[in-house]
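Okay, got some structures for you below.
In what follows, subunit A forms one complex with subunit B and a second complex with subunit C.
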Partner chain A sequence: MRGYVAIAQARARVLLQYRAAAVAGFGTQAFWGMIRIMIFEAFYRSAMADGAPMRFEEVVSYVWLGQATLMTLPWNLDREMADEVRTGKVVYGLLRPVDLYGQWFARAFALRSAPMVIRALPMFAFAMVLLPLVGLEAWALEAPTLEGLAMWLVALGVAILLSSALTTLWSVALMWTVSGDGVTHLAPALVTLMSGMVIPLPLLPDGVRAVVVWLPFAGLVDLPVRLFSGHLTAAEAAPMLAAQLVWWVLLVALGRALLGRGVRRLVVQGG
Partner chain B sequence: MAQIEVEQLVKTYAVSERRPGLWGAVQGLVRRRQRRVKALDGVSFEIGRGELVAYIGPNGAGKSTTVKVLSGILVPDGGRCVVEGRVPWEERIAHVAQIGVVFGQRTQLWWDLPVVDSFELLRDIYRVEPPRWRRNLDELVALLDLEPLLDVPVRQLSLGQRMRCDLAAALLHGPSLLFLDEPTIGLDAVSKLAVRAFIQRLNRERQVTVILTTHDMDDIEALCDRVMVIARGQILCDGSLEALRTRFGHQRRLTLELADPHAPLVPEPGTALLGREGARVSLAFDPAEVTAAELIGRLGARYAVRDLWVEELPIEEVVARLYDEEAAA
Partner chain C sequence: MNDARLLVRLLGVSMRSQLQYRASMVMQSVGHLLVTGIEFLGVWALFARFGQLDGWTLAEVAVFYGVVNVSFALADAGGRGFDQVAARIKQGDFDRLLLRPRSTALQVAGLELTLKRIGRLSQGLAGLIWGLSALGVGWGPGRVALLAWIVVGATSMFYGLMVVQATIAFWTTESLELMNVLTYGGVETAQYPMSVYRRWFRRVFTYVVPLACVCYLPVLALIERPDPLGAPLWAQRVAPAAGLVFLAGALALWRGGVRRYTSTGS
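Moving on, here comes the complex of A and B:
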């Protein structure tokens, strides 16, 4: 375990060096969050005054929390891994006395957690403190209840695990496709739509929603966010969280099996 | 029992081929041709504890493949390979914990982190007890003069500095077996000497078995008692440096400096022309066939010789001839 933790920490240390990217990213995300809230406000004023499946405040939380934790989404390739697969450097992971999948997962975990932490903190400050100060209370992020906060943290942990497993899966796929264009085109569409990043899942048509909330993407954004805003209680969320954990186990098993095959293949080609 | 036993190792790669040009690319969509390349074709050897062995051969001969099999990265198609009682690819994790590997062409250090961070990371990955790690690190830092480099990010190191750090990284967990794949490639003269001196000390004082692949014959002359030559997946020659030399008789090289750089050369019986650069002519000869004195007398009578000297055939020459012979076969 110590080895995996050390690998993740090393990756995180490198990722935390990119401060300029974090500042620029924060600016874009804050701006983008405002625009999305305006769009939802327009919808709510014109069409969904009564009987909406979510209060407007809950939609606002959905947007801000989604922006704050954007970096956890497995919507792109791990570029460092992609380079290593292409150059064959990846095989040298086999020279370490630790499990190869574990090494890949640890690195993905760092990628999906460290940058998120440094961007989430200013986003919370912006959405919870700054917006009310300038008179935009309606667009501000509501403070959670203690239970909501605790459950959000738990669900966020599950989201990072899921995201790391998916990211590792994308990296493993590179062993077959080399350039990774397929993944870079498919993953964002799949992940942003199914996780609730584009439209909050409760606002989807009933039939679609009933399926999507049980897919492994719902655990990335929808579940943690709705726990934070109180749209879901801990009791309601428990079976959903359990389902997401089952997905995680399955994704890890799949990634592990494919990696094993990929390594043999690489080896056949003369790594 | 030998530390490393390799018997009849076979490894074949499938290489996808397509015909050149656009039409070839179109054909490739439908039908891919695969060529099978035998990287290892029945390789056998034994290496005992504490040996320092050079493993040489032309590019693509199977050197790296052998090293990869021995280090557990590659699974061979056939044959037997046991290292300290372990089959490398079957017990990969237990195996790699006991070996060190340095690839001269790529670093195993973390590019963006200071050197010492990489060393700490390796301590955790190899689960080395901190006091033991500290002891090893202090020793390696002293031997390789790493003190001023420890806080420098790896990407800022020169190649020579990086190689010294890579050597330390491969030894922090105290392996009993070290694979060095072209450790002096691209290094300047001073760095080369430092790396060689270190390898020699490591082998003598710590009894670490070293397998060195290189194209630098000076490395071999400076370090190795035993040389294995591989070409086209087969071991051509395995023995001492002396034995390798005597493979072509005890050949000598005679170099003449002629007074006239354009003097026409007459083939001399019992010699082979190695090369000519203007006034300087080198011949190989076997003293068993023609003595140096006799040859010098004959040449002196035929040409106006300004200077001449006789030396042992350089190891480069021996190896080049061995490769040539193999390629011609």
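Moving on, here comes the complex of A and C:
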């Protein structure tokens, strides 16, 4: 276990170096969030909004929290990982006296958690403090209840575990398709729609929603966000959280099995 | 060889090189189609839930959506060369362009024509054709000409944005990501009618970047709907010219950037 923690920490320290990128990314995301909120605002002016399954304030928190934790989403490859598979460096992992899947998972965990922290803090400050100060109270992120905050933190932990398992799965897929083009183009489409980044899952047509909330993508954004805003109580969320943990176990098992097969047929070009 | 023919030939080379990897090209196009298609699925789901958007119907929004995506796909496919400028400056590669007896803008424009953007293009076209048919406004020659004029204006504007983004690299190679606010943010914004946004926001996308002039006002004339904000019909028809003016300004800025360029050496 100590070995995995060390791998994750080393990777996290490297990722935390890119602070200028984080600042630029924050500006882009804050602007993006405001566009989304204005569009939802216009939809909520319609007469049918009264029957909507979410209050507008809950949609606002959905947008801001989605932006704050954007970096946890498994919507791209671990570039470093992809390069190692292409160049053959991937064999070094096999030489180390720790499990290969564990090493990959630890790196993915760092990738999905460390960059999120440096983006989430300014986003919270922007959405909770700055927006009300400039007179945009309607767009501000509502503070959560203590229960909501605690449950959000738990669900966020589950989200990062799920995301790391999915990221590792994309990396494992590289052992079959070296360029990774397929994954980089299909993963974002799948992940953004099913996790609630395109529109909040409760606003989807009822039949679709009933299925999507039980898929492993709902745990990435939808579940934590709705716990934060109080749209879901802890009691309502418990079975959903349990389902997400089951998905996590399944995804890890799948990744492990595929990696095992990949390693058996792995041929590294010498040099 | 004149400039236009040279540009066509350069872009032809880029296309042929991409067609060497046909399977990869097809897969990327399909991927692109899926990503943009899913965005429209989101729009559809919101209309299914709320019925209308501030008095606008799904068919009307589909036309806005189609116009901006077709134009952005065209500009993005043709303007990819400008995307490489920052990297070339960093490596000192840009100097090679200065040695050749043609304008740098022309050479950069000819670097790449990205075929996979056909995914977004076809998706935008589908939205546009469906929207206009559902509105039943007819397909007379006047309307087709107006549509072509809108696409020329909007494509020029997005192309101009890419030129500006590349020009900034002459001053700084950092934080170019912020320009994505105007390009991708602009696309997201223009997918919906401008009247749904707050006034200060509309001003940014009218006077800083003439997005409202190329993607909102003329589309109103196209779908024969009076502007809820009160712009007269003649202004709606002239408005796409703002895109051409913006592109001309961007190219002037580019020439200024090239003049003050000093090589990083090798």
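Just so it is clear, the second predicted complex is superposed on the first by the 264 of 271 C-alpha atoms of A that agree within 3 Å, B and C clash if a C-alpha of one lies under 4 Å from a C-alpha of the other, contacts with A are read in each partner's own complex, and residues count from 1 in each chain.
In this section, contacts are C-beta pairs under 8 Å (C-beta built on N, C-alpha and C of every residue); 3 or more make two chains touch, one makes a residue touch a chain.
Since the structure is predicted, the reported quantities are computational estimates derived from the model, not experimental observations.
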Touching partner for A:L193 - first (subunit B), second (subunit C), both, neither: second
Residues of subunit A touched, compared between subunit B and subunit C (which is higher): C
Contacts of A:H185 with subunit B and subunit C, given as first, second, both or neither: second
Partner chain(s) touched by A:G25 [first = subunit B, second = subunit C, both, neither]: second
First, second, both or neither for A:Q17, with subunit B first and subunit C second: first
Which of subunit B and subunit C A:P144 touches, first, second, both or neither: neither
Shared contact residues on subunit A - subunit B and subunit C: none
Of subunit A, residues touching subunit B in the complex: 2-3, 5-7, 10, 13-14, 17, 89, 91-92, 94-99, 264, 267-271
Residues on subunit C engaged by subunit A in the complex (per definition of touch): 24, 27-28, 30-32, 34-35, 37-39, 41-42, 45-46, 48-54, 174-178, 180-181, 185, 188-189, 192, 196-198, 201
Contact set on subunit A toward subunit C in their complex: 20-21, 23-25, 27-28, 31-32, 34-36, 38-39, 41-49, 52, 179, 181-182, 184-186, 188-189, 192-193, 198-199, 203-205, 208
Subunit B - residues contacting subunit A, complex: 13-15, 37, 39, 65, 68, 71-75, 92-94, 96-97, 101, 103, 106, 108, 110, 112-113, 117, 120-121, 124-127
